[in-house]
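Should a chain be cited, it is by its letter among A, B, C, D, E and F, assigned in written order, with residues numbered from 1 in that chain.
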Amino acid sequence: MRPSGRKLDEMRAVSIETGITKHAEGSCMIRVGDTHVLCTATIEDRVPPFIKGSGLGWVTAEYGMLPRSTTSRMRREATAGKQGGRTVEIQRLIGRSLRAGVDRVALGERQITVDCDVIQADGGTRCAAITGGWVALRQAVNTLMKAGDVTSDPLVSPVAAVSCGLYAGQPVLDLDYAEDSEAGVDGNFILRGDGRLIEVQMSAEGATFSRGEMDQLIGLAETGVAALVDAQAAALA
Amino acid sequence: MRPSGRKLDEMRAVSIETGITKHAEGSCMIRVGDTHVLCTATIEDRVPPFIKGSGLGWVTAEYGMLPRSTTSRMRREATAGKQGGRTVEIQRLIGRSLRAGVDRVALGERQITVDCDVIQADGGTRCAAITGGWVALRQAVNTLMKAGDVTSDPLVSPVAAVSCGLYAGQPVLDLDYAEDSEAGVDGNFILRGDGRLIEVQMSAEGATFSRGEMDQLIGLAETGVAALVDAQAAALA
Amino acid sequence: MRPSGRKLDEMRAVSIETGITKHAEGSCMIRVGDTHVLCTATIEDRVPPFIKGSGLGWVTAEYGMLPRSTTSRMRREATAGKQGGRTVEIQRLIGRSLRAGVDRVALGERQITVDCDVIQADGGTRCAAITGGWVALRQAVNTLMKAGDVTSDPLVSPVAAVSCGLYAGQPVLDLDYAEDSEAGVDGNFILRGDGRLIEVQMSAEGATFSRGEMDQLIGLAETGVAALVDAQAAALA
Amino acid sequence: MRPSGRKLDEMRAVSIETGITKHAEGSCMIRVGDTHVLCTATIEDRVPPFIKGSGLGWVTAEYGMLPRSTTSRMRREATAGKQGGRTVEIQRLIGRSLRAGVDRVALGERQITVDCDVIQADGGTRCAAITGGWVALRQAVNTLMKAGDVTSDPLVSPVAAVSCGLYAGQPVLDLDYAEDSEAGVDGNFILRGDGRLIEVQMSAEGATFSRGEMDQLIGLAETGVAALVDAQAAALA
Amino acid sequence: MRPSGRKLDEMRAVSIETGITKHAEGSCMIRVGDTHVLCTATIEDRVPPFIKGSGLGWVTAEYGMLPRSTTSRMRREATAGKQGGRTVEIQRLIGRSLRAGVDRVALGERQITVDCDVIQADGGTRCAAITGGWVALRQAVNTLMKAGDVTSDPLVSPVAAVSCGLYAGQPVLDLDYAEDSEAGVDGNFILRGDGRLIEVQMSAEGATFSRGEMDQLIGLAETGVAALVDAQAAALA
Amino acid sequence: MRPSGRKLDEMRAVSIETGITKHAEGSCMIRVGDTHVLCTATIEDRVPPFIKGSGLGWVTAEYGMLPRSTTSRMRREATAGKQGGRTVEIQRLIGRSLRAGVDRVALGERQITVDCDVIQADGGTRCAAITGGWVALRQAVNTLMKAGDVTSDPLVSPVAAVSCGLYAGQPVLDLDYAEDSEAGVDGNFILRGDGRLIEVQMSAEGATFSRGEMDQLIGLAETGVAALVDAQAAALA
C-alpha cells in the first residue's frame, strides 16, 4: 500500500557514519532512506547572554538545506537575506529536543551548537537532524569528558525522533516525501531512549484526527525511536 | 494549588467582544483572563501565487505583540527589521489551524487574512488568537454570504484552542503566565467544535512526559475547547 | 460644508481612557472621533549612548498602525522588514514634541518610551498620539515621583497637538480622513498648555498658502489644543 | 553677534554652478557658504505604480551625505543597510517641495528624480538641496521641451528654501552649523518665486516660540528666498 | 620545506566523485587534499532579465561554506542576513570562470546554476569549486544533449583552477591552508583545458612581487590545471 | 583605432585636485578623462576588533557611486538596503592595495578610512579610486606626522593603478567606458612607485588570453602607473 512497498510499521534503512569532518568536535552523516543530513557539533566557551554567570550550559541548533537537496532548486537563504519561517521552526525544535537529554548543570557554562545541513531530502529531515544531531553532541561531550573539562556525564539519555502519520487512512511509521506530501495528518515524535516523550507535534492540513489515532501513532513512534536509538549506539561504539 | 486559586480543570473568564474596528470585515477583542488579543479579518480578491487559478481560497494569519503588552517592554519587530522565530511559528500555527475549519472550494479564489495583535499578555496568547481569530473569520465569511459572493458556507466547524500542561506535577487547564513560566511540560491543543483534533503541540523544556499524561491533557483540552466554542457562539449570536 | 457636518472650528468628540494595560507604567486609549490610538509609557533605567553619563533623561516614542486600522489592510511593517518613511517621521515628531514639555535634568538619567499604536485610523493619528502620549507620560512620571525616584516634577507643561488645514478654501480645525485626503494644505500644530508653540509642520501637496492663512490656522490650533489639554486633565483627574 | 559676523538678515554667499556631470539631464553644484550639494535630475519614462495610466507626471527626490561631508565621518548608509530616519524625512520634503512648483498634467506620464548629494555640510543642507534641485529640474524640463516631448511648460514657479531660527534670542536668516547646533528653535521655509508658502517646518528642541516670532521668521525667509530665486535665474541664464 | 612535505610543484591528492545527490542534473564531491566541496548543477528554463529574449543561455554560480567546514565555527550567512563580501566575490568568480568555457548561443535560452558548498575547508576552496563545478555543469549539459534539448555541445573546453603563491620566498603549487595563511603573495589561476588563461587574480597582503615571479606562478598553474583536467575527464568517463 | 583616437599606450588626461573638502584629514578629486572620483581620508583612533591591542594600524576603504554618475541612473545602494557585490569587491581591492604601501607598525594602532565616491564614471573608476585614494591617505598621514603622532613615515611607497586590456585584439592602456564594454579581456594592475606589483586582476568575459598577452599588458601598466605616480607627486607638492 505504501509507495515504497514498506509495511505500515517499517522504518527506512538507517545508517549513521561518524567522523565526516576533521574540524568539528563531533560529526556524522545520518541517512534515513534517501534523506541525508550532515550533523556537526561545536563547543564554545561562551553562552548566550540570558544565562551568563548562571553556571548552566546551553545546547542550540541550526538547520539548513543545500539549495539542490530538493527536487527543484530552493533559493539559498543567505541570498534571500533571512532564514525562512520553516527553518526557524525546525532549528528551534532541534535545539529544544536535544536539551531535553542534557543535564545543563553538569555541562557547565559552555555552549554546544549542533549544525544540521540537509544534503539530500526525501521527507523527515527534521527527525533525521535530531537523531543525527544527538550523535554529534555525544561525540563532542565525550571530548570534553576525555579532556577532564566535564566530570559527570551531562547526557542523561539519548534523544531520537521519527515522523508518523495517517496515509490513505492508515497509521504509518517514518513517512518519506511521497507519503508526507499526501498525508493529511502527520506528526513528529521526539522521545528519549527510556521511552519518555519530549515533544509531540501533530498537525493536519485539510483533515482532522481522533484521540485514538493519536495514540496509535505514538505507539508506532515508540517502535521507531527504539530502532533509532540502537543505530545511534552502534554508530558510537 | 494554582497561583490564581483556580481548580485544575478551570478555565479563566472568557469574553469575546465583536465590532471593535469599523474598517475590518470581521473583528473582535478576545479576553481570556488578562490575555487580550485584538483579531481582525480582511477579505482580499487575490490569492498567493501557489494557488492562483486553482479556484481554491486561502486563509492566513499574522500575529504581533504590542511592545508593552508584556511585563517588560519588548522591542518592536518593525524596528528589529524582522519577525522573530516565535512570531513566525505562532502565525503559521494560527493560519494552519483556522484552515482546518474551512472548505477552501466553497470559499472560492479569495484570501482572508486574520490579524491577531496582543494588547495585553498573560499566557496563552496563541490559543486566544486562534479562538478569537475564528470569530473574526466567521464574521468576514458572513459578509461574503450576505453579499452573495459565496453561496455554500465554507466554514465547516468552529475552531478553538487552549493550552494545558503539567504544573507542579498536576495536569492543569488553560495556563496563565505564572503557570506557563514554571511548567516543564505544556502544550497547545487545537480542536474543532465537533471534538476532532486539528493540531497538538506538546513540548517540554527540561522535563519529559508519558503517554498517559498526554492523554489526560487531551481530556482537559476537550473540556476547555467546548467552553470556548460556546463563547464564540454567544459572541456571534 | 464639512463632510461630517462640523463647524469650521469644531473638534471631533475626544475621549481619553486611562489604565488600558496592566503592565505599562502609563497607558491610555485616546479617541478623537473614529481615530483610536493606544498609548503606553515604559520607564527604563538606561539612556541612549549619546547621553550616557550626562545626568540627563530622555523621552522617545515609537509609532505603529495595526494592519487593519485602515480602510484597506496595510502590510505589517515587521514583515516588510522595516519601518516606512512615514512611520519614522511620525515617531520622531512625537518624541521631539513630548520632550519639549520635559525638564530632562529633573527627569534624571533614565528613559521613558512612549508607544503609540493606532487601533483605528480616521485622520490625525499623529496628533492623537502626541496628545494621548502625554497622558501616558504623565502617569509614568507620577509613578516615579510617588516612588521618590524623582523629586522635582520634570513635566513643565502639558503638550497636545491638532491638525488644521484649508478645506474647500476654508480654514478648518481637526481634519478627519475625508477632509485630509482632499485638503491641498494642511498642518500639524503642537503646542504646550501655556499656548507656546513647539512645532509647526505646514505642508501643501499641489497647492500653496499665504502668511495670512497660516496665521488663521495657528489661531484654530490654539483653540483646539486648549480643549485637548482640558481633556488630558480630566482623564488624569 | 553671529559666529560668522553676519547681520541678522544676511544670507551666506550663494553660488550655483551648472553642468557638473555629463550624464544627467540636469545638474548643478550649489554652494551656500560651506554647504556644498551636488544635484542631478534624471528623466525616466516610467512612473510609480500608484499613478500608472493617470497621464500625470511625478517628481521625486533622493538625498544622501558623503561619509566625510561632516566634521566626523558618518557611517555610509549603504553599509548600514538602510537610509536613516533623518535621510528619509529630508528626501520626502525635497520631493514634496519641488512638486509644488510642477504642473503634473503638463509634465505628462514620466518621472524626474532629483538626487541631492551633500559633498560638504555646514548647516542647511536640505534647503540647499531644494534650491539646487530646482535648478537641475529646470534644466531637465528644458531638455524635454527642446525635444518637443513636452509642449506647455510644466514648471509653474521656481521653488527655493532657507532655514531661519532663533539664535541667542534673535531671529536670524540662513543658519550655519555653528548656529544650528545652538538654536533652540529653527525652521525650514520653502516658498515659490511668487512668495507663496509651500511648506513650513518649525521645530524646537528644548524651547518654544510665539506666533509673533514665527511671523518674524517667515518675514526673514521671504527675503532669503527672493535672493535664492535670483541666484537660480542667474545660474540658468 | 612545505608543511605537508610536498614538493614545490606537487598538487595535493585530487578525487572527484560524481552522483552525490539524486535530485540534481549534475553533482560531484571534489576533494583536493582536505578541501571537500559539493557541487551541483541545476537546469532552469528561465534566464536573468537582462538576457530575456536574446536566445542566449546563462551559467551562474553560488558558493557557501557549512558553518563548521572551518577550524572554528563560522556564523551561518543565512542568520547573518546576507552573504559576506568574500562569498560574493567568490561566487562571481566561479560563474565568470565557468562561462568562459561555454558557448552561450549553443546553450540556448536557459540557465544553469552551479552550487558549490564547502563541506570541509583546507585552503583553495574557490579553485576546487570551479574545477568540481565544471564537472557538474558537464553532466547537466549531457542531460540536455541526451534529451535533444541542445544539439551542438555548448561546452567548448573544460575549465579548472588552482592557486599558486610565494611561500617562504619560493613559488609553490596548490597552497593548503597552512601555506595560504603564511603566503604574502598568492593567486588564483583559472585556465581552460587548452591552456588559455581565463582569469588571474594575484594579490599580496603586506608584500609585493615581480613580473618574473608572476610568470613562474603561471607556469606552475599550467602544470596543476593539466592534472585537474585529467581528473575531470576520469570522473566523467 | 581607439574610439577616443588615443594611441595604444596613451593614458587619458589625469588631474588631481587636493583640498576638496574642509572636514577631511585628506581629500582630492581625481579626474582621469571623464572619470571623476572624490577621495577623502579619515583618521580614527580605533582599529577593527581583530587587531585591537596589536599595536598595528589599519587602512581600509569604502567605495560608492552617486546614482547619476552613470549614463542611466543607478539605484542608490542605501535604498537597495545593501552594497552590491561589485561595490564590495571594489572596496576590498582598494583597501588591500593601499595597505600594500603602508608600514602598519609605523602607523601605530589607528585606522585610516579612505572613501572613494564616483561623481562621474567613464571606465576605470576603481583604478582612479586607488590612485586618488593614495593622495588622500598621504595627506592624512602628513597630518599625523606634523602633529608628532607618528614619528617614522608609515608610507613606504606610492600606490597607483591602471586598467589595461585587449581591445579589438590589441593591448591598450587605460580603457575608457566605450573600450571597457567591448573588451573581452581586461585587467586591473596595481603597482607601487618602485615598479613592484601588488595586485593583478585579469579577467575575460567570453574570451581567453595567453601568457604573452598578459606580459604585454603588464608592460603597458608599468608605463601608466609611472605617469600616475608623477601626477600624485605633483598634486602633493
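One rule holds for everything that comes next: a contact is a pair of C-beta atoms (placed from the backbone, for glycine too) under 8 Å apart; a residue touches a chain by one contact, two chains touch by 3 or more.
The chain lineup, named per UniProt: A, B, C, D, E, F = Ribonuclease PH.
Source: prediction; values computed, not measured.
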Intersection of contact partners for chain B and chain D: C
Target chain E, source chain A, minimum contact steps: 1
Selected from B-C, C-D or A-B, interface repeating A-E by over half of its contact pairs: B-C
Remotest chain, chain D as reference, centres from CA atoms: A
Chain centre separation in whole Å, for chain C relative to chain A (CA means): 51
Computed distance of Cα centres, chain F from chain E, in Å: 28
Where chain C touches two or more other chains at once, by residue number: 82
Complete ring sequence of chains beginning with chain A, oriented so that chain E follows: A, E, F, D, C, B
Chain D residues within the chain F interface of the complex: 20-24, 27, 34, 38, 40, 42, 44, 62, 64, 66-73, 76-83, 87, 113, 115, 117, 119-121
Contact footprint of chain F on chain E as seen in their complex: 82, 85, 88-89, 92, 96, 99-100, 104, 187, 192, 196-211, 214-215, 218
